[in-house]
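Data first, discussion second: the structure below is written as C-alpha cells.
Letters are used for the chains, namely A, B, C, D, E and F, taken in the order the chains are written, and counting of residues starts over at 1 for each.
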Amino acid sequence: MRIDQRQPQELRPMKITRAFTKYAKGSVLIEVGETKVICTASVEEKVPPFLKGSGKGWVTAEYGMLPGSTHTRKNRDIAKLRLDGRSSEIQRLIGRSLRSIVNLEALGERTIWIDCDVIQADGGTRCASITGAFVALVDAVNALDREQRFAVYPLQGMVSAVSVGIRENTVLLDLCYEEDSTADVDMNVVMNDKGEFIELQGTGEERPFTAQELTSLLAVGEAGNRGILENLRELLGNDLERVGEACE
Amino acid sequence: MRIDQRQPQELRPMKITRAFTKYAKGSVLIEVGETKVICTASVEEKVPPFLKGSGKGWVTAEYGMLPGSTHTRKNRDIAKLRLDGRSSEIQRLIGRSLRSIVNLEALGERTIWIDCDVIQADGGTRCASITGAFVALVDAVNALDREQRFAVYPLQGMVSAVSVGIRENTVLLDLCYEEDSTADVDMNVVMNDKGEFIELQGTGEERPFTAQELTSLLAVGEAGNRGILENLRELLGNDLERVGEACE
Amino acid sequence: MRIDQRQPQELRPMKITRAFTKYAKGSVLIEVGETKVICTASVEEKVPPFLKGSGKGWVTAEYGMLPGSTHTRKNRDIAKLRLDGRSSEIQRLIGRSLRSIVNLEALGERTIWIDCDVIQADGGTRCASITGAFVALVDAVNALDREQRFAVYPLQGMVSAVSVGIRENTVLLDLCYEEDSTADVDMNVVMNDKGEFIELQGTGEERPFTAQELTSLLAVGEAGNRGILENLRELLGNDLERVGEACE
Amino acid sequence: MRIDQRQPQELRPMKITRAFTKYAKGSVLIEVGETKVICTASVEEKVPPFLKGSGKGWVTAEYGMLPGSTHTRKNRDIAKLRLDGRSSEIQRLIGRSLRSIVNLEALGERTIWIDCDVIQADGGTRCASITGAFVALVDAVNALDREQRFAVYPLQGMVSAVSVGIRENTVLLDLCYEEDSTADVDMNVVMNDKGEFIELQGTGEERPFTAQELTSLLAVGEAGNRGILENLRELLGNDLERVGEACE
Amino acid sequence: MRIDQRQPQELRPMKITRAFTKYAKGSVLIEVGETKVICTASVEEKVPPFLKGSGKGWVTAEYGMLPGSTHTRKNRDIAKLRLDGRSSEIQRLIGRSLRSIVNLEALGERTIWIDCDVIQADGGTRCASITGAFVALVDAVNALDREQRFAVYPLQGMVSAVSVGIRENTVLLDLCYEEDSTADVDMNVVMNDKGEFIELQGTGEERPFTAQELTSLLAVGEAGNRGILENLRELLGNDLERVGEACE
Amino acid sequence: MRIDQRQPQELRPMKITRAFTKYAKGSVLIEVGETKVICTASVEEKVPPFLKGSGKGWVTAEYGMLPGSTHTRKNRDIAKLRLDGRSSEIQRLIGRSLRSIVNLEALGERTIWIDCDVIQADGGTRCASITGAFVALVDAVNALDREQRFAVYPLQGMVSAVSVGIRENTVLLDLCYEEDSTADVDMNVVMNDKGEFIELQGTGEERPFTAQELTSLLAVGEAGNRGILENLRELLGNDLERVGEACE
C-alpha cells in the first residue's frame, strides 16, 4: 500500500478545469492528486525567425513554478536573472511532446505558446503539464478552427504523460512528491493515443536499472497513459472529433 | 450605469479562498470581479543583510503576472532578463502597505515573503494584491502564533486597498480593466482599519485633477475600503482577535 | 525651526543652470538645497514599437544616481545587473509627470529621452528631477520649434514637484535627507500651472495619516509648487511664450 | 550502407587523448568520428551550499560549444546573457550520468567540476561528452587517490553513452550530424559496466516509436555501449583497478 | 593651427574643482577643454575576497558616461544589461594607473573606489579621468590621513595622463573629439612625476606608426604630462607634502 | 637563463595547426610554448547596424578561456552573467589589430568573426591569439577569394604580436606565465610586416619604466615580431601571395 493508500499501479485522481481563465484561447487547471498546474495556450500570429516565410507554424512551451508552490519558497528566476536549469529541461520536453502531434504546416505561420505554471507541486508536475497542455492546445486549436483559420485541421493525435518509478523494489505509477524523492529510479513516459512513445526520460541517478526493470516500467507507464487518455476522451468528447483526421 | 451594470460607487463582488495551496503558511486566491490573484505568505527564518542582528524582522513583496493573465500574452520577465518596471513599482507599494501594520520588532528576525501572482487581470490587480496579501499575512502570522513564536503579536491593524478613478466626469469605485484603460484619472487608495491612509497613488497622466476632484476621489476610496474591511472582518472573524492588541 | 534653519513651510533655495552640457537639446543642472541633479532632454527621431505609424511621439525618463552621490557609495546598477527598484519607481513617475503636459500628437513621431542623474542626494531627488526635467524639456522643445519642426507647439503647460512630510507632528515642505529619513509621513506632490494635481504619492509606512493631515499636506504642497512655478516663470521668461497655446 | 560507409550498427572510430591539457586533474580530448570534445575534470575543495557540513561531495557538469564548432557560427551564451536551453538540458544529463557511479560520501566534501566543451560538432556530442568525461573523472579521482585523499575509493563503476536512432526504418548506432538531423527517432542511452541503464532519453518529435522499435533501439544501444566500454577498459587498463571495489 | 586655435603641442585649458560633491572623501570635477568628468574617491573598509586577511588594500575604478554626454544619446549599460566594452577597457586602465602610485600594504585592508563619470565628452575622457581621479585620490587619502589611519602614508607619487596622436602627419597633443575621430594614430600616455611611464596604449587601427613616429609621440606625451603635473603641483600645494615620502 | 632554459630574447617554440576544425572558413590551433589557443575565422554575410548600406565590411573578435585552461578552474562568463573585464579588453585589442590590415571596403558588406578560445594558458594568450587569428583570417579570406567574392583582395599586410617584459632588470621576450606574473613591466607589441607598430600596450603597474627601458622593450619586441613573421611566411607560403597587393 502506498503513502496515499493507492495500489502500486493506480493513478492519482485527475481533475481538469477548462476555461479556467478567460484571455488565453486555451486555459486549463489540471489537478493530479495534490499537484496543480495552470496550462494556457496562447496564439501569436507570427513565428520565430527560423520559420519566417516557411509557411509552417510553431508550438513552444514555457514552464515555471510559483514561489509558494513548493515546500520551501522557491526564488523567482528573475531574482537570479537565470532560468532554472530544471525548468529549462522540462519546458523543452513539453514543447517536443506537443509538437509531436501537431502538423506544423497545417497550423500555418503562427505560434502557439504553451505556458505551464505550477501552483502546487506534489510530484509529477512535468507530466501533469504535458497532459494539461494537451487539453489547452485542443481548446485553442478548436477556437481557431471555429474561426475557420485552417484548411487542414492541425492536430494529429492525443498526447499524455505519466511518471513511473521503482521504490523499495516495487514499480509505482504516478508518484507523488514523497515517493518521487525517495525513488531509486524515475521515468517519465510520454505517449500518444496509438500507444506509441513520444518521449522517454528515465533516470537512474540513485540506482541504475536493468533491461527487465525497464520493461516493467514501460508496461506500467503504458497502462497509466492508457488510463489518462481514456479520461481525456471522456472529458473532451466531441472536441476531439477532428483530431487525427489529417493522418487518415 | 457602468459597463458591468454596477452603480458608480459600488464595489465588485470579492471572493477570497483561504488555504488555496498547501505549502505556504498563508495562501489566498482573491477574486475581485474578474481579477484573480494568488497571494501567498511564506516565512523564512532569516532577514536581509541590513537587518542582521537587529532583532527586527522584514516583510517584502513580489508581484508577477502569468503570461496568460492578460489580453495579449505577456512575456515572462526572465525572457527579457529584467523585472517589468510596472511590477517593480507595484511590489514596492505592496511591501510598504503591509509593513505599515506590522510591528517588525515583534515579528523577530524572520522574513515574510508575500508573493502576488496575477492569474487573470481585469483591473485593480495591485489593490486586490494588497487586500489578498493581508489575508495571507494574517494566516501566516497566526500559524506562527499558534507555534508560540511571538512574545508580542506582530500585527497592529488591518489594511486594504481599492482603486478610484474619474471617467466621463464620474467618480468610479473599483474600476475594471475596460474602465481603467479609459479613465482620465486613476488613484489607488490604501487604508487601515482606523480610516487612516497608508498609501495614496494618484495619476493624472491623461488629465490632471483638481483639489475638489481629489476630495471626491478620496471620499469614494475611503467608503470603498470601509466596505472591503467589513468583508474582511466577516471573513476572518476570530482570526483577527489578536490584531491590534500590540497598539493598545 | 528646522535642521537647516528654514521655516516649516519654506522652500530650499533652488538654482537652475541651463545649457549645463552641450550635446543634449536641453541640459539642466538643478540644485535644490544640497541636492544636485543633471537633467537632460535628448531627441531621437523614432518612437517605441507600440507607437510606430501612429503619428504620435513619446516622452520617457530614466533616473540614476552616481555612485558617489550618497552617504555610502551606491553600487552601479550594471554591477548588480538589475535596475534598482526605487529608480524604476521614480523614473516611471517622472515620465508620467512630463507626459501630462505634452501633446504627443503635436510632438510627432519622435521620442524625447529625459535623463535625470543625481550627483548629490540630499532629499527630494525625484521632485528636483521632475522640475529640472521640465526646464530641460522646454529647452529641447524650443530648440526643435526654432527648427520649425512642429505644426502645433506640443507643450501644454508647466509642471513642478515638491515633497511634503510630517515630522514631529509638524507639516514640513521640501524635506532634506535628514528630515526625510526621520519623517513619519512622506508625500510627493506633482502639479501643473493651473494648480491641478498630476501625481500624488503619499506613503505612511512609518505612521498612517488622517484625512485631515492629508488636507494640510496637500495645502502645503500646493503652496510649495506655486512658489516653484513662480521661480520657473522668472527663469524661463519668454521661453514659456508658446506653452499652453495648444489648449486655448 | 551509411553516409560514412559504416554498417548500421557500427560505432564510429573513437580516439581519446588523455592529459590533453595540463592544469585540470583530468583532461581528455575525445574524438568520435568528426565530433571533438574537450572534457576536463577539475577539483574544488568545497561543496555547494546544500551539502555544506554533510560530509558528502558533488559532481557537476557544464557543457558548451565553441562558436566555430558548428556549421554556422554559434553565438556565445554570454552574448545573449542566457545559457542555451539545449546546453542546460545536456549538462544536467552529464551531471546525473557521472554521479550515478560516484560514491559521494567517499568523495568527501569536495566538488568535481566536469567541463565539456565541443570544438567540433558532428552529432552525438552529449554522448561523447559523457564518455570523455568519465575518462577525465577517472584521471582526476586517481590523481587525488595517489595523494591518499580517500579512505574509500569513490568510483563504483564505469559509464558510457551512445546515441541510437531510426532513419529510413533502419536502426542506426552512433549517428553523425547528417543522420541525426534527418532521423525520425533519436535516443541517447547511458549505461554502466554491468549492462544497466543510467539514463534513457528518447525523442519521437518527428515520428513516435512503438514498443517494438524501442526494444530494437535499446538492444543496439546496449551493444554500442558494450563496445565503447571495451575500448575504455583497454585504454584505461590498470587505472580502473580500484573502480568498483567500493561496491564489493 | 588646430580646430580650436591651439598650437599642435599645446594642452587644452584644464580646470579642476575639488570638493565638487560632499559625500565622497575625494570629489573632483575635471574640465579639459570641453571634456568634463566627475571623479570621486570613496573609501570602503573592506577588500575584495582575494585580499582578505592579506593586510593589503585595493584601489579599483569604474568609468561611465551619462546618456547625455555624447553627440547622440548613449544608452545606459543597464538598459543593455552589459557593461560597455570600451568602458570596461578604460576602467581597467584607470585602476592600474592609480594603483601604480599606491603602496597597498600601507593603505591597509580597505578599498578605494574611484568613480569616473563623464558628463560631457569631447575627447580624452580616459586621460582626464586618470588625472582627475589622482586628485580625488589625494583628497581621500589625506582625509583618512588626518584621521591618523595610516602608519605609513600610502601615496608614493603623482600620476597624470594625456593623449597624443598623428593627424595629417602632425603630432598633436591632447586631442579634442573632432581631432581624435579623424586621427590616424592615437596614443594614451600615463606617466608619474619622475618622468617614468605607467601605461602606454597606442593604436594604429587607421594607420600603423613607425618607431620614429613613436619617438615623437612619446616626447610630446612626456612634455604634456610634465605640463599637467606642474598644474597639479600648483593646485595641490601642501596637500602633496607627504606624497612620495614612503619611497625615500 | 630563464625558467624554461631560454635565452632572454629567445621566442618560445610556436606550432600552428591549420584546418584544425572543419566548419569555420579559417581554423587554427596555435601553440606558443605551453599556451594553446583555438582561433577560428567565420564569415557572416551581414554587417552590424552602423555599417548597413555602407558597402564596408567588419572584422570583430571574441576571446574566451575554457574553464580548465588555467591553474584554478575559471568560472564561465555565463555563470556570472557578465563578460570578464580582462576578456573584454583583450578582444577589443584583437579586433583592432586585425582590422588594421584589412581593407574593409574591399571586404564588402560581410563580417568576419574571429573567435579565440584559450584551451591552455601559460602566458601570452592575447599575443598568441592575434598571431593565430591572423592565420585563420588569411585562410578564411583566401577561401572567399577562391569563390571569387572580392574585386579587390582585402588583406593589406601581415600582423603578429609578442609580449616583452622586465624581470629582475632583464628584458625578456615572450614571457611564460611564471615570468609574466612576476615581471615588473609587461608590454604587448603588435606589429605589421613593414616593421610598423599597430598596437602598443605597456603596463607598469608593479614598477614604472623609463624612456630608456621602453626603447629596449620595443627593440626586443620588434625583433620578436620579426622572428614570428618569418615563421608565418614560411608556414603560409603561397597563401600570402595576394596579401599587400591592394596597397601597391
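Please note the rule applied: a residue touches a chain if its C-beta (ideal position, glycine included) is under 8 Å from a C-beta of that chain, and two chains touch if they have at least 3 such contacts.
All values derive from a computational prediction rather than experimental measurement.
Taking the definition of touch as given, a chain qualifies here only if it contacts subunit B and subunit F alike; none does. Relative to subunit A, the chain whose mean Cα position lies farthest away is E. The two sequence copies subunit C and subunit E touch through a face in which the numbers common to both exceed half of the numbers used overall. If you average the Cα atoms of subunit C and of subunit F, the two centres end up 50 Å apart.
Per-chain CA centroids place subunit B at a distance of 28 Å from subunit C.
Look at where the CA atoms of subunit A average out and do the same for subunit E: the two points lie 59 Å apart.
Mean C-alpha positions place subunit A and subunit B at a centre distance of 34 Å.
Shared contact sites, meaning residues of subunit B that touch two or more other chains, fall at 81-83. Starting at subunit A and stepping first to subunit B, the touching chains follow one another round the ring as A, B, C, E, F, D.
Chain contact summary for the complex, subunit C toward subunit B: residues 82-83, 85-86, 88-89, 91-92, 96, 99-100, 187, 191-192, 194-206, 208-211, 214, 218, 222. If you check the complex, the residues on subunit A that touch subunit B are 21-24, 27, 34, 36, 38, 40, 42, 44, 62, 64, 66-73, 76-79, 81-83, 113, 115, 117, 119-120.
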